[in-house]
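Two complexes come next, and they have one chain in common, chain A, joined by chain B in the first and chain C in the second.
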Partner chain A sequence: MKKEYKVIGKPIPKQDANIRVTGKAIYGHDILLPGMLYGAILRTEHPSAIIESIDVSEAIQLPGVHCVITADDVDVNNIGYKRDHPILKKGEANCTRDEIAAVAADTKEIAQQALRLIKVNYRIRKGVYDAFEALDESAPQINKFISGKFENKNIAEKFHYEHGNLEEEKKKSKHIVSRRFTLPRMTHACMATSNITASFNNIDKKLLLYSSTQVPFLYQRDMAHALKMNPSDIRVIQPVIGGGFGSKLDMHPFEPICALLSIKTGRPVQIIYSREEEFIASPIRQPMVIDLTAGVDKDGNFTFREINIIKDNGAYTSWGATTPFVIMQAFSSLYKVKACRFDAKAVYTNNIFAGSFRGYGNPQATFALERVIDLLAGELGMDKADIRLLNANEKGEVTGQGLHYDTCGHKECLETVIEHSGYRTRSLQNNDKRYKRGIGIASMLHVGGGAKIYRSDGCGTTLKIDPYGYCTIITGSNEIGQGSETVLAMMASEELGIELSKIKVINTDTDVKPWDVGVHASRTSFVAGNSLLGAIRILKEKLNKKAAEFLKTSHFDFDYSDNMIIPVNTKEGIALDKVVREMHFSAPNELAIASFFYEPSSKFQDKDFKGNVSGTYAFAAQAIEVEVDTYTGNVKVLDIYVAQDVGKVLNPLLLGGQIEGGILQGVGYALTEELLMKEGRILNPNFHNYKMLTASDIPDIHFYPVETLDKEGPYGAKGVGEAPLIPTAAAIANAICNALDLDVLDLPIIPEKILTALAEKKGTK
Partner chain B sequence: MDFEIINPATTLELLGTINELQSKHFRFGAGYSDLLMELKKKPEENLVVINLSQIKDTAFTGLTISPDHVRMGAMVTAHKIVMNEQLNKDYPVLHQAALTLASTQIRQVATVGGNLCTASPSGDIACALVALIAHCEIMDSTGKTKSIPITDFFLGPRKTVIKKNEFLNGVLVSANNKLSKNIYSAFLKIGTRRSMECSVVSLAYHIQTDDDGDIIHAGVAIGASAPTIRFAKDACDYLIGKRFDHIHQKEKEEFATKVLSYADPITDIRATAWYRKEVLYNLSKSIFE
Partner chain C sequence: MIKEHKESRLKEEVLHVISFMLNERQVTCKIKSSTVLLDLIRDHFSLKGTKPGCYEGECGACTVLINEAPVNSCLYLAVNANGKNITTIEGLVKSDGTLHPVQESLIEHGAIQCGFCTSGMAMSIKALMNQYENAQHVPGDIRIEIPTRNEIKKYLEGNLCRCTGYVKIIDAAEQLFAKEDQ
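The block that comes next holds the complex of A and B.
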């Protein structure tokens, strides 16, 4: 039975919408501290070179310049997931982003002028720009900071996973399909460019950072390690963040550089990227080559999957190298499959390094897997919808990797989009000579209740109600635009009967808020929501006791509504603020405050990567119809039908925002977006040639939420943020292949690739 | 990017300014949607910008439609073209070219003069005007004007015939025959996205038939396919006298081949020369489908 809620499930606008659309929001770019200087970074001229000398003498002389630093001027540790990344580079440059020197000056213009006065002598050397070449024995060692843990000097990280008897399942397979898929570099293109303001107080030696990190507590620790400081001497404040999408999971060199400039000058320093710098020096979605072989038995049951992935790690290792954690989940556990063997290597090259990006490897994996499923169906002569329904995941299933599907909307999502898209009944009217229509289906599995990748995947909350009946939620989690503040306020409003305008969410200051691992893995509503509900439970116990005393009742069951506490099944209650005043101001004088730490039930995976890594799992399916212009190769996405197992809709408006935004990123990934590189340099560091889609390209999106009410989730909800992007490219590719009878293996599917494929098919090219 | 700026308020003041600055390095600024990009990429030393956007003379800012021609002052914006119903009806190629230019915001400032004088091979309004066989009205600093056919206006990428003591005052398009009946006219722009897109290939055509359907006038221009926008004269001549709705497959192909003979595209980050040619050929055929 579905419970009726007063606030939860209602289309409540984002609480910070007004300040954002009126320009009142304070972004990092708006911060102006007294005496603040402007920092700028000199990057290498060559993606691979020996740095013979750096001469900063002229730059230092320039009036208005306060400080110039190079690697020789600082005593710091390397940063990055593998600590293989020097903040300032010394002796050699290994990638086009490499930071050689940094300047702090009175104005941005002076800082830029100073950069031009720095003289660097480079000895250019041949770089390695291809991951397969980097694996060749003759290739030079690209990153000198790794320990040589793996068989090849250029392997930064590797993963091996398997379940089931692969050889046995191969024998049982009626058809086996093998393909190599190539995935591009995609950039986050956040509306706000990267920014930081650092203020070091050289009296008390404490560092204050205004930073747009997604993970303030991990960041505090990473920054402390980099600067050889004590983490608690670093206070991180998050101004309003203009887009995250995973790009702010890693700490990047410009951040400790800014701190160093502040430490050296004793003045606040701000670094803000230009748009071009943002394209060049912010992280990307990992490019990779996926070799996938998969089988199916005569009845259409999936038998095995064998996967080999080579990821271009770039010159340094970020969180991006760990995306195989998620990639292997898709291969091992999306649809039932009896055996799976998975190998992935992240390989150093002189290219730009990746980071994390919404979906965390899953869009790449899902693209390969869902393409191959279409091919297997083709081999069998089976319908593409039927093969998916036959193999769909189910409630109660424990997958080969040990994921527990306590609730599972996989089949329902597939059925929903198959039905609503008219997949079975539609005729594609493909008799037009020029325009060809096609439809494609793809689905996905993603963590829906956090992901245990750190000792704790938890979140703390401190909740207080003041004597005027206002509520303050101090949460460890943070808002990066996804709407967590609003959802948390809605939960408090639902449970405490306080209207939203009386609820404040404090979430931007590490000196104030309790621990949380950060915004990633679609975890915030789930983990921070459960944490808040825990704190509410405790606080209500205190309030109930006081209310009972006051009302002289033995009742301990109360309704909280309209700022009143009312014994269940009665009419007469007491005002909430009055109860709080009683608690505060009469003996035994207690605060209306409660704290709670929520740790999801998930487990660390063992060394074989097995275990139930998330509190719950989210599923989704999309059916997408496209029309391809065979004269130009242009693809028009007509309709997107999307069903997603969200557990429970907490706020349809915010959910819709996540769905639409995610899908559009997915369409861009499928059709247009690629950071093009040649010999380590980016060819299109601008919106002119990096083809992000615009409002006029938006297709019709038909969204059908599927509610499975997970017992672990707040009100039954699961994580939703990443899912909408994950199956989109796969479904579009399948639709294009359906329209033109092609075998698409690469993204993005730009018009020229389509015309080329058509010409090759006709034998005219 | 650093420059001095001068703001003449009338054409007369503009002439004076041009005269005064003959020994200096100056550029004109109209909507600035090309100029600022250019200067950001390649800053120019000691630059003076003559701001045209404050000049109020209607010959410079107005759009007039008379029985024998359409005249657009150099400062007419893409937005103004888009909003004109008459142009939309009688010269769809021009309307469509203006409508596909950049975005709503940029169309408010982007001018016809800027689009022509920037002389980009992928200029959309310029391509439509070549198909319409427009004439460019050039004024010199003494106030004398001359009119030259648009096909003589472009010398190469970013190069026009305009001399240092001259500027573009306006553009003239001859009226269609016989009350603008039987018009087949469109701007076909190919790129990856539907707005904020620079043409990868474009094809502009403006064709008129008599009441029997025989082609009496044809203008076809290609954009982003050669160092300048080109008028496909042979292809146009080929069409004269043919029935527009009875062009058969072979003729379509012959027409497309003739259009293609004017193409000399490059391979760049946005597309290969092969792609541009392939698309141009297909688009040329598509006119009659």
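The block that comes next holds the complex of A and C.
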């Protein structure tokens, strides 16, 4: 069954690593255009206030200042998923990151100085900083741009889903567990801060943007809507991107602001966030409160799940409001469950607004679900591994929500980590009075073949081979550090027999590349890979025909190897470049070019959120061992055993990088990372107080890929990017609870929470 | 009033002439007292490989070597560079384009994703190599042990990375020393 490949499956380093390791890669921060000005943004001083007046007269007069804009100076549309977000705020400020005015100046220093000369009169008002308070009848309406579609004025978006007979299943349950989980704000903290360089040509009225967006074509459309332009007059070029993780899925106000400054001045303008600004004015992982009630029958079969989620949307709505699409998949379809009722509301508050972050709500959902599974096992007196294996998803299953598991490595992932971690055989050395060890298991389900949350989830490719035998892949997909350019080049090398050094990937320019929905939902290898393979198929038909003609053979079955096209089972072939030249210079004279658009077979879900939303699904399990210092509350993560259904390993080196990087973000989510807010202000907008993990904090990661060879995936592969961080916090929480016999409910599990819980436990005894 | 005050302050700012070795080349320039080394390297000398990650000395993306030791160039006043020997990521590559072993090792181990931390990371690893190599030349016959994996981790604590989870970066560094040990 397993096919031997020459390139696919080999540990090939990232093809553009050499430019990144020598300082030659051009990031947004490195762009310097002739005549370029520096933009800067004035943000509100108060998270909730009436803006009575803005006086920019002194700022405009400062030598070196070219332009100052406020809401009164621009004719623009709102942005955001719900079009509820003004680019520049007029009349009121609703969260601490609100953009009040912007300047363009000769230098960064002058731009900053000009901001200090802008005088704004605020009338401070009481803000609403808690989502439950915002739902109270007496709360003021926070965002005035929504139409009042829902029963409460502060609901930005809501989701309802159900399958099965919930009341029936409740009756059948031997044990029912209810818990409320509170999940924190986590920020992407990309190493490169947000940046954009906008260059408006006021002669031909075209706008050129050097942007770090993850979704250039949606971005082009959104920018055009914001600026009241034609999308085709906007060209988006992506410089090398210094981290994404979902933060660049939405267009943010600073981007059209930069474009407006360029339009007003007729000069290129660059805006680069400071690190503090990055912490304050970036989207975050949705903070939410999850109420989960779940049942189990006497044999350990899961009966039902009832979920109520309140998400703190912040003041404006981003794509992040749609995370319940993914969250409900985890609740409805991870492990077999007979009935599920799911309600989620995104609620406006005067906090900073939530966006999308690697995992897209799934880390939160998985944390709640996997904690409750441990508790159900405890009630039943059943082993925590056994209850998971009993209920694990299976190949061929169609879930209550309508997800089709054509391949499914769920059980194998669980079995793998249970075995390798020594879960069943190890003896926990908990004799020590101070240090207690524990082990926890968690698993996850995530889309593995794109996610049709936009009308198209496709990707286009144009492929060409030049007369010298070099291949150029022009792909709609994007490279944000994950290595998509390498995986695509490997596929072309495998199929065309051209060495990697002769393959170029063009992927950064909307004027050149075909459409793609963007880099998200772990979709690029799957969707862009299938798109490329489609283009290769078409190109090979042309090449085969010419090769057959040249070799005077009726054969149409060829091997592509070492830059040669060779009829199968023969030795004599013809050089690939020669065939390309023959195509070009002899009748009917054509170039070696092919284009293909791939749209996954997935369905746009109906209004009840039922349907097969992805081309395939990825599964993973992690078993994590921790040691807790009961004197200090410190948690040391010792070993992480991770098994992931990746379909097929395309490149073990890049795959390992995704696994390790994802897991460490998951460990941070579990233990250290929280953007703290008080009364609408961020208390820790720097790396000193927002604790990202360092090289010293890494546990030993043991990775076991599980290959299920999905027929939809390129070479059988599934998406891998988000999965590694999804079950990590859940497994760590389970391990801590196992070590200390606690019932941990909130992330991050900082030492203080552990000490408090231990003290409470002692007190109750 | 405010404007005049600010302007006069700008005018009064003293310029300093400094001279130092930058990637093995003698350079001289005129700078303000407030200029930090990171801006001097990036804006004046157009060496964009050194990355501005935070300007607060927290992330290590801007690490350069000053007299072989790793320094956050965002917190280092450029005037202090006078007479010093400074190496940036560009200085690791030979003029014929041959990469430094640190760079080769980072590539081979898959230690690079978005790459924004990579320059600083490479310079920190190079600094650890310098320290180890210099220790060999100290008189006496004490055998200098190669840094352990834990020592490497500790040494790289000042360089944040959001993509890789550090594992492959540490692998890359460890292998450099393993080679030295043979």
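Worth pointing out:
Operating definition for what follows: the second predicted complex is superposed on the first by the 763 of 765 C-alpha atoms of A that agree within 3 Å, B and C clash if a C-alpha of one lies under 4 Å from a C-alpha of the other, contacts with A are read in each partner's own complex, and residues count from 1 in each chain.
Note that a residue touches a chain if its C-beta (ideal position, glycine included) is under 8 Å from a C-beta of that chain, and two chains touch if they have at least 3 such contacts.
Predicted model, so just to flag it, every value in this text is computed and none were measured.
Contact with both chain B and chain C is seen for A:Ser696 once the two complexes are overlaid on the shared chain.
In the superposition on chain A, the chain among chain B and chain C reaching more residues of chain A is C. Once chain A of one complex is fitted onto chain A of the other, the partner contacts of A:Lys119 are absent, as it touches neither chain B nor chain C. Once the two complexes are laid over each other on the shared chain, residue contacts for A:Asn634 go to chain B alone; chain C is not touched. Within the superposed three-chain model, A:Arg424 lies out of touch with both chain B and chain C [touch as defined at top].
Once the two complexes are overlaid on the shared chain, A:Glu752 sits against chain B while remaining clear of chain C. Residue contacts after overlaying the shared chain place A:Lys6 against neither chain B nor chain C. Touch criterion met: A:Gln482 reaches chain C, while chain B stays clear of it. Once the two complexes are laid over each other on the shared chain, residue contacts for A:Leu683 go to chain B alone; chain C is not touched. On chain A, the surface touched by chain B in one complex and the surface touched by chain C in the other have residues 687-688, 692, 694-696 in common. Interface residues of chain C facing chain A in the complex, by the touch rule stated above, are 2-3, 6-7, 42, 47-56, 58-59, 61, 88-90, 92-93, 99, 103, 106-119, 122, 152-154, 156-170. Against chain A, in their complex, chain B makes its touches with residues 103, 190, 192-196, 198, 269-272, 274-275, 278-279, 282-283, 285-286, 289.
Note for the complex: chain A touches chain B at residues 433-434, 631-634, 671-672, 676, 683-684, 687-689, 691-697, 750-752, 755-756, 759, 765. Interface of chain A with chain C (complex): residues 11, 13-14, 17-18, 20-27, 29-30, 58, 61-63, 113, 117, 188-193, 240-245, 274-275, 480-483, 653-654, 656-657, 659-665, 686-688, 692, 694-696, 698, 701.
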